[in-house]
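The two complexes that follow have chain A in common; it is paired with chain B in the first and with chain C in the second.
What follows is the complex of A and B.
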């Protein structure tokens, strides 16, 4: 066989091979999985990643089904005034429950751990704790915030903010520093969070890094969990 | 010529591969074993070309069949809870090393021959000058 043809065939095969290698490297990098020395650890890691992927796929399917459902509801509601009223009620309830993505004016507070400083005696004060986040969320609610999220995790009426070692758990999901707390509401009222002597100012004095920003176009994602009421029943 | 073609193929592949979307993590173990099989075939192809016994049909069919077969074996291993892919890796990497040895020997022979020629030519020249 001609040498030229051989070289070209080998080049094409190498082309395919390098595409495969690049895809594989990208995939592995994207999942942040490094090969660890222990086989067991590797297996557990890959299992977690597979489960996560499964969850994401299922969630995307669920979202698609929900969109379809909404379309169907709208179709039916457009022909019947009584149903239209119910439809608007459902929409309002979903908005209140935090089941929809919302956008509007508001503020964004970023809390991050302070840098180690020998002058500060109590290093405990430098760290952003779950209680600090809770205090900020409470103040936001006090100032009339209509929708709040912590690092893209929506705060609903069932949300718990708890401490879990060096991270914070919101809605059962891990949240780490820097913590971005976003609130949508009346900006002038929400701005009071930044007043002298406020919680945020105390954090600043303690050595934490606090960033306060007003924003006219914020977006807060919807709650991704499931709301279940098993025990509470309406009183007749 | 051969290595320039391979280099061009690799560079083009890298450019395309970086811009191709990533696959889902569940399938990455299959792709990994396919890559090893393909790598083995490419080394086999290079060896064949150097030896002058390159067979186009054998090479192409080996490239794809080995990849697919190793992926199927990995799948079977997953189902049976046996790491069959380890056996495939041992075979492929073992063959890769054998092929690498052949390639290395070929070039060592070629270059040492050239060096010998150069030496004799130089000696001849010196002899002629002395005359």
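What follows is the complex of A and C.
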């Protein structure tokens, strides 16, 4: 009797373990088909990674040089009042362009996809689209936002908010869900975004999940990328 | 009898242990392959990715060389105050161009949006006036195509530009200026074929405008001129965050 129970327990354990292994092998096999790929693809992959690293190293070097340049400008400014004016203008321009990390008071809006709900007919409305993010950013600017970021991406003069299938892309980089849109500015004015009848309320009514928070100490990172002008030239 | 049972238990124990180990190893493999999504990319995507990183690298390199050059000018003792001043002024000019505080000229496109005349309208087609959202989308498409400067009816698009409808008056407000018109001229500087295909391509935004009674035309030019932003930039609430311990 005792032996019988033991045997059954063992059998069940073995069965579960076997199933576990089978599932694992299956997933690995599925992955394997893309992992191995052709020789050429592997070659390309390592090239991509190498190029990415090359860029990252170059970018780090550029950041170092820019910091040094800033210090050098400050040196110049401290010894010459005429040049100090130019230096402070450069500093302000960099601040406006999003080339520095900034802090201040403001709001944080978080948008996430809603859960499927039989009462909501159009499932498209549940999903956060690039257009929705674009609308919020436009309203923030309307409310006098001085700096805006989407997740960790700074919104600059040339920032586009687009989509690639279901993924939202900001500054050419993929942005994950939930989407956090942060704005620094006059909190009372920015709070208008949350008033009755606002775009955010429409999102909520459509089944999206919207979170709105005021914050007295927000941080927005600088734009990480190179502002490059190839076509436009300044003219009188 | 008892001895046999013990050895059997030990054997089963070892087998179970091995099986558990194998499962953990498997888990690890699966997690690793998920870490780098690059593994799931196809060849065409990889080529695109490689090209993108290459462009980014070259841009960073170019900017680095430029920065080093400027740095050298400031550092050299032989540099006169005048030269320093000129270099500072050049730096400032570049930044102000990026901000939209200078008039700019270059390759680009000029897009005109007009409501269709009655003759042009198809049967049962009605005109929906151009609204702020149309302009927001078009500006965003142009930025996505790499536009370096954009203006709408002469209003330069800068980093704090908003475009809103004034409800009830069907007019559009850009940069706190009111545009009381039904026709728009949007200028953009950048690679003109990229800019054109961003909204005039198949399935582009212009197709959609066409169904709402709006005619869109585009003209490419090597000398599109865009005027500067006339307003001032004011900041009251954001403060530059001091860098933490410099390396």
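The working rule: the second predicted complex is superposed on the first by the 177 of 236 C-alpha atoms of A that agree within 3 Å, B and C clash if a C-alpha of one lies under 4 Å from a C-alpha of the other, contacts with A are read in each partner's own complex, and residues count from 1 in each chain.
Going forward, a contact is a pair of C-beta atoms (placed from the backbone, for glycine too) under 8 Å apart; a residue touches a chain by one contact, two chains touch by 3 or more.
On a predicted model such as this, the values are computed, not experimentally measured, just so you know.
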Touched partner set for A:8, first chain B, second chain C, both or neither: first
Chain B versus chain C as contact partner of A:158, first or second or both or neither: second
Touched chain A residues, chain B compared with chain C: C
Touching partner for A:49 - first (chain B), second (chain C), both, neither: both
A:123 touches, of chain B and chain C: first, second, both or neither? neither
Partner chain in contact with A:40 - chain B first, chain C second, else both or neither: second
Chain B versus chain C as contact partner of A:21, first or second or both or neither: both
Those residues of chain A which chain B touches in one complex and chain C touches in the other: 10, 13, 17, 20-21, 24, 27-28, 31, 49
Residue ranges of chain B in contact with chain A within the complex: 1-2, 4-6, 8-14, 16-18, 20, 22-26, 28-29, 31-32, 34-35, 38-39, 41-42, 45-46, 49, 54, 56, 59-60, 63
Residues of chain C defined as touching chain A within the complex: 12, 16, 19-20, 22-23, 26-27, 29-30, 33-34, 38-41, 43, 46-47, 49-50, 52-54, 56-57, 59-64, 67-68, 70-71, 74-75, 81, 84-85, 88-89, 91-100, 102-108, 133, 136-137, 140-141, 143-144, 147-149, 157-164, 189-191, 225-226, 233, 235-241, 243, 246
Touching residues on chain A, where the partner in the complex is chain C: 10, 13, 17, 20-21, 24-25, 27-28, 31, 34-35, 38, 40-41, 44-45, 47-49, 51-52, 54-55, 58-59, 61-62, 65-69, 72-73, 75-76, 80, 82-83, 86-87, 89-98, 100-106, 131, 134-135, 138-139, 141-142, 144-147, 155-162, 172, 184-186, 219-220, 225-236
Chain B partner contacts - residues on chain A that touch it in the complex: 1, 3-24, 26-28, 30-31, 33, 46, 49-50, 53
